[in-house]
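The same chain A turns up in both complexes below, where it pairs with chain B and then with chain C.
Coming up: the complex of A and B.
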């Protein structure tokens, strides 16, 4: 085991800060806030973290990070355990955009955007299209080269929090069909011709958006890497920090198990026997998920690979769907009563909403069906299907 | 340490390759295969004394898992798991083991599914109740009023024995422990048996997964390897997920046991979860393996049914997954109601 456990100086430092006046109360305030207000609160919280050196420990030292992997985990772990709010609106910026800039961006791009991201600039992702979901490489948004800029036309969708974002990671077609004709751009969402429209999702929230692009001009200097190299770059940075997200999720899942425990305890004695068996089975799955996350994070500290990394999202999303389904079943009608809230408690404070929102995880970030293809082919070495 | 463990795993595999039939030929031979050579080699290599060394159980656990995957002899599971507990009281190579509480009947009636280290067993470790208190005792297997007879069952890869006791004289069983001490010994044996079966099942599941993935790559239908079809590919991934999610639980249980310290509630839960998860995972993975192999998997010569037989019996041996889960859940409920659990605080009330 290479993870430093609580008790190290850094853990102690983070824990004390979490108890300080500066860190108190953020989660409650965010839980109660509507999206626009929440965006402002998240930005302010990010700046608090940045001041302590806890916002971007995973970045290179030159840009304000440079912490060891073990230290990054200690910081994340302590923040999560202290109930610090999630920075979901900054996630694409802090992890995905930053990783793209660090690994494939130009010096100028890094100098422009990394400090801005640390100061609270929000980013979104412009990958999926109405006709290009699981088959992302079939995307049709077109970028035509005209001298020192590109002219972009197309329609992007499922872009989380685009409504509040300033910048967008954009994939567009610059060449022929398939993966080899795609380029990667940094799109300023305030450019003329960009129109963002929220989509109300099944749970009633406006979390993701359509992004319409009509004759939008993007300077050539905003292209990442060479022309038609976009697919490779996107693949290299897409899975960035899934381990850290899952660390947060695994800690929250412990609270989820506790809610299920209370739901089982509230059942009349004649129903409790079967419920206990179910509860015991979920205790296993939650513990197993936590141990898998630890295994993946340990490996990342040691710089080694583990097959467990490939299945974290599968395991988590299906556990979430199943445990919320059981919670809803145990809670009966009371699990349906009331209105949905924001993500203040685990996960929304409402069994039915937790259940419904679990599809964000079984579909989002690559559907579990596609993920099974990927694991089958890359990890188990099974042959690709003829149709793809 | 990691390096030493992986080289020990290589040694175990080499020994199995030299002295045990490979899965592909397993079912064509005598069942269970003759274990004499394997027993001799493993004895010479000191596998039965592995626990005398630092982190010994971690090494024993590697051997048990590999033996499970090769459908190895059950006597080694018994030797590696139970002997360290009884060493000192008797020659462990002459003691068969029952799987826990034999019930309130005292030293009468039958104790089935005993595992024995060989044919020349002299005593059977029995947990019973005598004058109202638990006792752990060694009963002579062919002594007065007792006999040990071979039994048959669904799994032909291991030999099991039944101890029939009809009139064991009261002073005859050699009492190893009474009262709390006996209860402690019994729970220690139960825990070791649980971890042993979890390891055996994990090995079975890994073998079933490996066989299935290999077959899906070469078996062609409709002009393509069946592993290229999503229905088959996704099933293989589900099997892989079952193996990986059980693996981390089993690893945690081995760590808890290998520390040698008395187990607290979380250690006890860790072992229960490993037994339930791993034995269920192996049962499910072998079920899917047989289905994926199609007709060839349903022949006697193919090892699929043997892996499935052993996986199903492991579920039932020791404590079954249902009762283990109820025990784990019962503790969760008790802790939640008394607020005794050290967990993330609940953030806000929940509808």
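Coming up: the complex of A and C.
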């Protein structure tokens, strides 16, 4: 296990770069902006990161990455400490899409899309369907082969930020039932027959979307891997969400603890004692989570051992919910105050919004019940139960 | 101790439920965020069934009818301050409990002037100031307080304010459970209804037991507000505390069992979760409720439902 030293040259470099760019100012502007404007700001910030070599440190060297795990961690940590914005609208592109392309894409696909992603192309993930959530393998969107292209019909849902995305990672059925009949496609969302409808969510934002597909043509060259191999490839990208991205999340959590510390410091002296105990307990849990992230990532060199990575998302989501709940409790009614911009947890400094937002984390990317099944069956070796 | 509700109050609750359902149910709340006419429609429904004829301070029977109305209104997330209106101090002056350091009132725009009281009994005139501007508290506003010289809020007013708040939350919780049951019976994954999975069945069972207990506490405390003549708020605060615990957890789990649809406003649970937040936090969040309860027990002891074994 290798945790980088905080005082390295790289850390200094990132820190002073963030200062010169007013990283926190970018975050504030993004949080306050309306969605379309926020999309523009995110893209502009990504380009600045890319120019400096901080956008894709986790990619292979040939595509502009090639940094060591320790360097990746340092970059993520310093950006977060400086209050730099989180690029949620580029999340699928930078992690899921890139991992898919690197591990399973053709040379041509890589050459087309990896540079485009680094230059700000936005992607969304079109896996879930109204009837296929936890049981993703039951998906029904159909892709029929017709010569050099497929014709796709179906309905995808809960696709985060699809409204602003240009490309979509699409799973569709090309064969029979179950996992063995699924193929993986790179769908250009500007194709005729695609329509995207934002869904208003519980926090009052339009973030995830329905994606309706009617006789959409996808060239055969946009299929990733062999026909009916989609399930295996999809698992690799889900592993990416649960694995490598947790590196960043764990550092964010440390920043979250700082917010909690501020909330505790603002309490009247007689309440501070209990708050410090809470804070201490959370500090332990956050530290243990960081160590867990390092261990899982070190054990699975490419960061895609989905079973082990499942543990990370379990721990992260529940810890996040507990911390936000405690933050809200400490802030009391002043938890209502502050900026009420877009919240992706820790984003607003507004406990009320962040707390409610944290609830999504036990659902998205595989629910915690399902992840518990994965841990039980694939790590503990228990017999397979309900989630077949 | 009386915890059976009079038939008349139950009937009244059923009528209110029918009328609100016919007016759109949770759709009223959904619409109200962009269209103030939805609140007016809700008010018309409530007026139509006689909300303004209830005198909740007058006698237990009326208080029970008022509490039932709060519960039913919670179940539809009615975009109108039902409890505050039931406890109004004049025709158009609703009554709300506030924290004087951070005075916030939900649905504050309903009236230009409010009567506001702290839990320690200080009395104020309140005027809506600015929206708290949160997507998760769309109707809540900060208010400006002006002390009412020599005024004190009666213990009964404060007890009823807390208790109606708890009944209101109970309504949210009961509806959330009902939605979770309906959803998990119908929604299938892995070839089974979700309700076949034990983790879901067990949790639903636990939630229902929690709500049942809260329901009984709510009834008991309303009865004792009219019978024990105690100057203490301990009983009402403990009910609020339990309502905050049970209902928060119920909403949370009901949303979880809806999967992603629990976060989509097309589903009632999403709207319910959002609109329950102000009631869970105003006038006191759990920490503040607990602190006040501690003080109240220190001062007056705590009898609770079991007089003989009470702490004192």
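Throughout what follows, the second predicted complex is superposed on the first by the 282 of 388 C-alpha atoms of A that agree within 3 Å, B and C clash if a C-alpha of one lies under 4 Å from a C-alpha of the other, contacts with A are read in each partner's own complex, and residues count from 1 in each chain.
What we mean here is this: contacts are C-beta pairs under 8 Å (C-beta built on N, C-alpha and C of every residue); 3 or more make two chains touch, one makes a residue touch a chain.
Treat the numbers as computed from the prediction; the structure is a model and nothing was measured.
Of the two partner chains, chain B is the only one that A:287 touches; chain C does not reach it. Residue contacts after overlaying the shared chain place A:24 against neither chain B nor chain C. When the shared chain is aligned, chain B and chain C each come close enough to touch A:350. Applying the stated contact rule after C-alpha superposition, one finds that A:83 touches chain B and leaves chain C untouched.
Applying the stated contact rule after C-alpha superposition, one finds that A:369 touches each of chain B and chain C. Contact with chain B, but none with chain C, is seen for A:279 once the two complexes are overlaid on the shared chain. Once the two complexes are laid over each other on the shared chain, residue contacts for A:180 go to neither chain B nor chain C. Of the two partners, chain B and chain C, it is B that touches more residues of chain A. In the superposed model, A:47 makes contact with neither chain B nor chain C. Of the two partner chains, chain C is the only one that A:134 touches; chain B does not reach it. For the contact definition in use here, the residues of chain A common to its chain B contact set and its chain C contact set are 334-335, 337, 350, 369, 386. In the complex of the two chains, the chain B residues touching chain A come out as 213, 216-217, 224-225, 227-230, 232-234, 236-238, 240-241, 244-246, 248-249, 251-252, 269-270, 273, 276-277, 322, 324-330, 332-333, 336-337, 341, 343-351. Within the complex formed with chain C, the chain A residues making contact are 128, 131, 133-135, 138, 157-158, 199-205, 208, 271, 328-330, 332-337, 340, 350, 352-353, 356, 359-360, 362-364, 367, 369, 386-388. Note for the complex: chain A touches chain B at residues 27-28, 31, 81, 83, 251-252, 254-255, 257-259, 261-262, 264-265, 273, 275-281, 283-285, 287-289, 291-292, 295, 307-308, 311, 314-315, 334-335, 337-338, 344-346, 349-351, 369, 372-373, 375-377, 379-386. Residues 33, 99, 101-102, 104, 132-138, 140, 188-192, 196-197, 199-200, 252, 255-256, 259-260, 262-266, 270-271, 273-274, 277, 281-282, 285-288 of chain C are the ones touching chain A in the complex.
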